[in-house]
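Here come two complexes built around subunit A, the first alongside subunit B, the second alongside subunit C.
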Partner chain A sequence: MSEPARTPFVASLPEAEALARLPGSGVAWLDAARRENLDAFAAAGLPDTRVEAWKYTALRALAQRRFAHRDAQAATRAVDAAALALPGVDGPRLVFVNGAFRADLSSLAALPASLSLRPLSQALGEDAEGLRFALSHRYREAGDAFARLNAALAGDGVVLRVAAGKAIARPVHLLFAGAPAEGDLAWHLRTIVELEEGAELALVEHHVSLGAQKQLATVVSDVVLRDGARLDYAIVQDAAEDATLIRRSQLRLGARAQAAMHVQELGGALVRHDLRAELAGDEARLATHGVFALHGRQHVDTQLAVRHAALNTASESIWRGVADQRSRGVFRGAIVVAEGADGSDASLSSKNLLLSALAEIDTKPELEIYADEVKAAHGATVGQLDERALFYLRSRGIPHAEARAMLTAAFCRAVLQAMPNEALREHVSQLLLAHLPAE
Partner chain B sequence: MLKIENLHARVEGKSILKGLTLTVNPGEVHAIMGPNGAGKSTLGNVLSGRDGYEVTEGSVSFEGRDLLALEPEERAAAGVFLALQYPVEIPGVNNTYFLRAALNAQRKQRGEAELDSMQFLKLVREKLKIMQISDELLHRAVNEGFSGGEKKRNEIFQMAVLEPRLAILDETDSGLDIDALKQVAQGVNALRSAERSFLMITHYQRLLHYIEPDFVHVLADGRIVESGDKSLALKLEEHGYAWVNERSPAGAQA
Partner chain C sequence: MTHEPSNTAVEASAATLLRDNAEVAEALGRRYEAGFVTDIETTSLPPGLDEDIIRQLSAIKQEPEWMTEWRLQAYRHWLTMPSPDWAKLNLAPIDYQAISYYAAPKAGPKSLDEVDPKLLETYDKLGVPLHERAKLAGVAVDAVFDSVSVGTTFRKELAAAGVIFCSMSEAIREHGDLVQQYLGSVVPTGDNYFAALNSAVFSDGSFVFVPKGVRCPMELSTYFRINAMNTGQFERTLIVCEDDAYVSYLEGCTAPMRDENQLHAAVVELVALERAQIKYSTVQNWYPGDENGVGGIYNFVTKRGDCRGADSKISWTQVETGSAITWKYPSCVLRGDRSVGEFYSVALTHHRQQADTGTKMIHIGKHTKSKIVSKGISAGRSSNAYRGLVKVEKGAEGARNYTQCDSLLIGKRCGAHTFPYMEVKNPSAIVEHEATTSKISDDQLFYCRSRGISEEDAVSMIVDGFCKQVFRELPMEFAVEAKKLLEVSLEGAVG
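The block that comes next holds the complex of A and B.
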């Protein structure tokens, strides 16, 4: 049997020797992991829609493109600092432009002693061994192509640690910005977050566009909450409209740990987010609230997987999707209650709104229960704006576009209301409406 | 103010209005009565611009403008208000927010300054007093979980805030007990003025005990077959709609 032809995507990958340019090169286990993941990616290429995890998201067009995996000018590209600001988010800030750390745009002075926040490139130089567990991972699933690619090529990212028992007062802002560059550019970042016992943190992951571009970005995040830790984690994805953004977030919650996630998917042409959470310790609690608002030909795919693996754990997931014009939204929400995870309480709601006859939303809740005394509820709907409500608003004088926006915002309210940061919530609500065309 | 001439309208291909003619002058209260299926609600919906109602003949002018050429929101800004028979519940949209958005949208369309939240609140307080409505309704989502009576009162309250030139009340009395009916009627009466006209669409003359009309029209098979003063309503009560059918000129619709 002959080898399948190498796609342009695979053919344009950097050679193994180029890995030597990445930060951390020379650390034997890291070199081995990078090489192995690169080889595995090159051999398998991008998955096609026969792979279950990619059933609704075709990568054929991406496979035909060639990318440069490094922006030589990333460190010096001009950036309008105003484009980076987020209301209500005024704490320490780590900024990456086209995948490169930018100390000049970051704000790392006067960090509280209980907070360690460094770019990965720096952390690798100071203490590579401490990162070994996270960075030596081999990704073996057929659907893991981008995690492999990221493991092979990510040379920078975020390493964040909060000391036991400490609460960080101001939200930490992680900024991943795409700036216009020559040619098709790909960049890869790795994030490692650890909250030690009883630590508390508010974290904002912010994907922002600094101008029109067609980049491919991958971000892989590992977030560990030790016993009793608390995390409020907002992801504001407002990437460039032609960008491809592939993310994987993996959370692990220890006993009595609590995580609340707020995800807003607004930008991007092709967006994929794998959000996997493991409730590993007794009485861990997870809440995920997410919304996508799509227009044009956007394709946004969220794959949520929550695993209850300990006693008396709880998870609540509320997701809303809005698709206009020819956009397509995909949401898969899988909850697994593992054997022995008795007393688990899990709920999942996915409600979706089609604003156009040409838009499409595929939603698929899944529930697998292997334990006793479990409370589980899930539901998914796809519908349209209520014509009666629309007429009612118009009959009171509210113009059509405004009435549509009002009803759409109301539809998403259950998700946005869960954000505790009021200024950020208000800003995100406005962003969301701005992303829906007024017809 | 409102001049309807020879109005014909279809719903889903079916002719409902078949040559309706009616003139309403400023300050007048007209009651439109008729049996089920006569076209009463269709009239309200056509006048307010709801989708799905196709006007095939005739005209409607409102203060000299071609009403049928306007979008629903433009009709509202021009001063036409429809109190719905079944007010819609809108979860997630706060009643006060909705009402302020509506008022300001109308003012904007009319080229008037929008009200800020302080000015709006002052206006709302005045109107609540007139309507004798508790402000508790304001803090809830639009009509969500409201009782039938609360929904209808909320319609009248909206009307009080929006101050239309022409109010069309579509079966506002349906589903109300006598106390709720009195409250609604009281609200409407408080809004009667020399500049504001009302078109009350109703099946029963019960409401007319509490809101006295200047004119009563009987609508049957898509046309007005009888007009008179309020005594006409009493005759209807006595004899029922069968009496009208007997009197309607047979074969008059060509």
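The block that comes next holds the complex of A and C.
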């Protein structure tokens, strides 16, 4: 590989000394991991579209920008608390504004004894060693640039643990907010979630905008479900219109563990989500439901990879996409059934609506199968609304534009049905409607 | 599992053919029967590749100046290209200097009557209907042995219809203007690594030209065979159908058993003008290597059809059972409005074979349509991948694609993969993809066994049913051969 030229993005990275100001600095293994990941990122820079994982998402424009990787006023930015609330989500809350933990906005009082929920900065001070496994990772793949960057620069985030056999009654609300700041700001957060044997949790990851801003945010989440644990995990992404948001969620499911994910991609200018799940224990089950509704010049890229690595595991993935105006929706859904993972049952559906002549959809459902006692199927479509359905509605006296809006909404809503939290589901439906083309 | 009547009909009519041509059945009887070596004298260039070799090759073939230059340009470009490594292939590096780029039977054949009887015997063993047998089958054959075309049957009948069907070397000499007009217009010399190599060193191949309004009176066929050691086969096929013309073209391939890997890097270009139709069928049975993956052909082929005219149609049908590694994506560029592209494929891999194959459908014209049906069967420790691209460009108003990819797994150590890319830039387009992966179910097997059918026969029946959608597209005699090939290739896969 040829030496990439130092882009403004790389040139504006913090110096190695700046790492010393991050929480947890002084812990030898953490310092080494941060430094190595930073060096690896600086050496390789941002991936170009020749890297298969970034084939449809060009980072040329991002590479030309310079970012400050710290907001000195993050702790004092004025925040309208009303903008943070989500109906149906009234449990413990952890709020981050521009990458900094805001105790004043969070609600961590009266946590159930079985739930441990702390900001990463605090956890590093109290028990760094317990986070060693998650935080000493070196990312080596060509497409891992942002994971490296995050590993090097994330100074805060979430550490959540649910004790064995306990069910947490109220959903935990993780809030990642971007507030207007001077200049181009980048911030990085790291989330570590562990559900012990048989634990149960509902988690809501919420990305929200507190005003127009062109920030870059990276969030890397590790979620571990021990045997028999259950997780309901909703991600409501409603970031600012000009924001760049790069996320990576890694789930690992033990035996009989069950996870259900509900992902809504609504905001952001350039959004990328790598969602990787490994069904590592026998009879683990995973369901992912996701939707993106794009307009303007939005670019949203979801890379889902489900790996079946144990006996009798099941996964179901249902994804919908709508691209209007000049937007571009990218979806890759890979299912891997590892050697020996007999009895795997995997299905994936990616259906997309292309509403404008200037929009584009690129979808790539993949199957990689190394075992033979397997049922695996995927389907993908790109098209328009069903003419017959439109005709039906119009014949009932519904105007064309309204009929289109109804059908488009119904198309997206199909994936929301699986959300158990009714109030949240209703709210998210309304958000989604607001993002769909108006009548 | 029941056979549909159409399939039985194919078998019945094929039986007649098989009686006259019992060698087909015999040749396909057991294991890799095409693995014999024919002992005839060959003239070959010394192994190695440089500009001199290319000039010599061009001189032997008495090519005009422009052709030599064309080759040299391709060669110079090839030197600048890196060897591709993106596919999921386990591939030892290829030493391009160890390959001999030209091997021809020594006594240059003037006509079919002068063809070395031993050579004809080879084709006999393979069951190629050359010579009189050609009449029986009604197929005009251009047989390529190692690197040169040894005889084309049915010349007169074709000439009367105005169809040109000859070897590429002859076409370069006698229809230079036509070749110059179309060669490299679908697959440019620098298209990819192996296409560039082929452009530099291709030794022979077939040329078909069907003029305006002509429906080619018979099916045309080429049979390829790699015989000599340390040779590569680099054939180049060019088929041009002018307005309203039609041709159906068949291609078959075999090679002797050898321990080394041999390279086969062909380029096939199809050009369909207004309302023209080209049907291209391949049964590929190159030597796949032994159970342990020793030897076998590297089959790295670039095939592309250009639907240049409105309402034209190109249809690819392939049955891939051979080769240690297959790496090919027969494609259609749907340029003309309302043009149609089709791809039907059965790829079977066994032992340690690797296949990475699929298609590309590039929709450029308005109301273009494409259909992809791909059936992959993996057995043993093989790996079988479908990789395809459906691209709808901005102007492709009303484009329509349907893709179906099914994989069948036989055994615990094989892999079956599907990598379909869909890129859509036109909102009126409809693109659909469906894929499934499964194994032969115990229920199906049990049902057959309980009816007194042996396990091996049951598997072959089930596989046949799985592939029927593709076999239906094959010309009749090929369908029979393909079915036999699958049975032979699957031998020992069960139990």
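Basically, the second predicted complex is superposed on the first by the 419 of 439 C-alpha atoms of A that agree within 3 Å, B and C clash if a C-alpha of one lies under 4 Å from a C-alpha of the other, contacts with A are read in each partner's own complex, and residues count from 1 in each chain.
Going forward, contacts are C-beta pairs under 8 Å (C-beta built on N, C-alpha and C of every residue); 3 or more make two chains touch, one makes a residue touch a chain.
All figures in this text were calculated on a predicted structure; none of them were measured in a lab.
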Practice problem: May I ask you to decide whether A:376 touches subunit B, subunit C, both, or neither, giving the answer as first, second, both or neither? | Solution: second
Practice problem: Please indicate which partner A:386 is in contact with in the superposed arrangement: first for subunit B, second for subunit C, both, or neither. | Solution: first
Quiz prompt | Residue contacts with subunit A in the superposition, subunit B compared against subunit C | solution = C
Practice problem: Could you say whether A:356 touches subunit B, subunit C, both of them, or neither, answering first, second, both or neither? | Solution: second
Quiz item: Taking the superposition as given, does A:400 touch the first partner, subunit B, the second, subunit C, both, or neither?
Solution: first
Practice problem: Look at A:367 in the shared chain and tell me whether it touches subunit B only, subunit C only, both, or neither; answer first, second, both or neither. | Solution: second
Quiz item: Between subunit B (first) and subunit C (second), which, if any, makes contact with A:62: first, second, both or neither?
Solution: neither
Exercise. Please indicate which partner A:287 is in contact with in the superposed arrangement: first for subunit B, second for subunit C, both, or neither.
Key: neither
Quiz item: Regarding the shared-chain residue A:44, is it in contact with subunit B (first), subunit C (second), both, or neither?
Solution: neither
Quiz item: Both subunit B and subunit C contact which residues of subunit A?
Solution: none
Quiz item: Of all residues in subunit A, which touch subunit C in the complex?
Solution: 52, 56, 339-340, 352, 354-357, 359-384
Self-check item: subunit A to subunit B touching residues, read off their complex
Solution: 386-389, 391-400, 402-403, 406-407, 409-411, 413-414
Exercise. Would you tell me which residues of subunit B are touching subunit A in their complex?
Key: 48-51, 71-73, 75-77, 81-82, 84, 87-88, 90-93, 98-99, 101-103, 105-106, 109, 158, 162
Practice problem: Spell out the part of subunit C that touches subunit A in their complex, as residue ranges. | Solution: 86, 392, 394, 407, 409-439
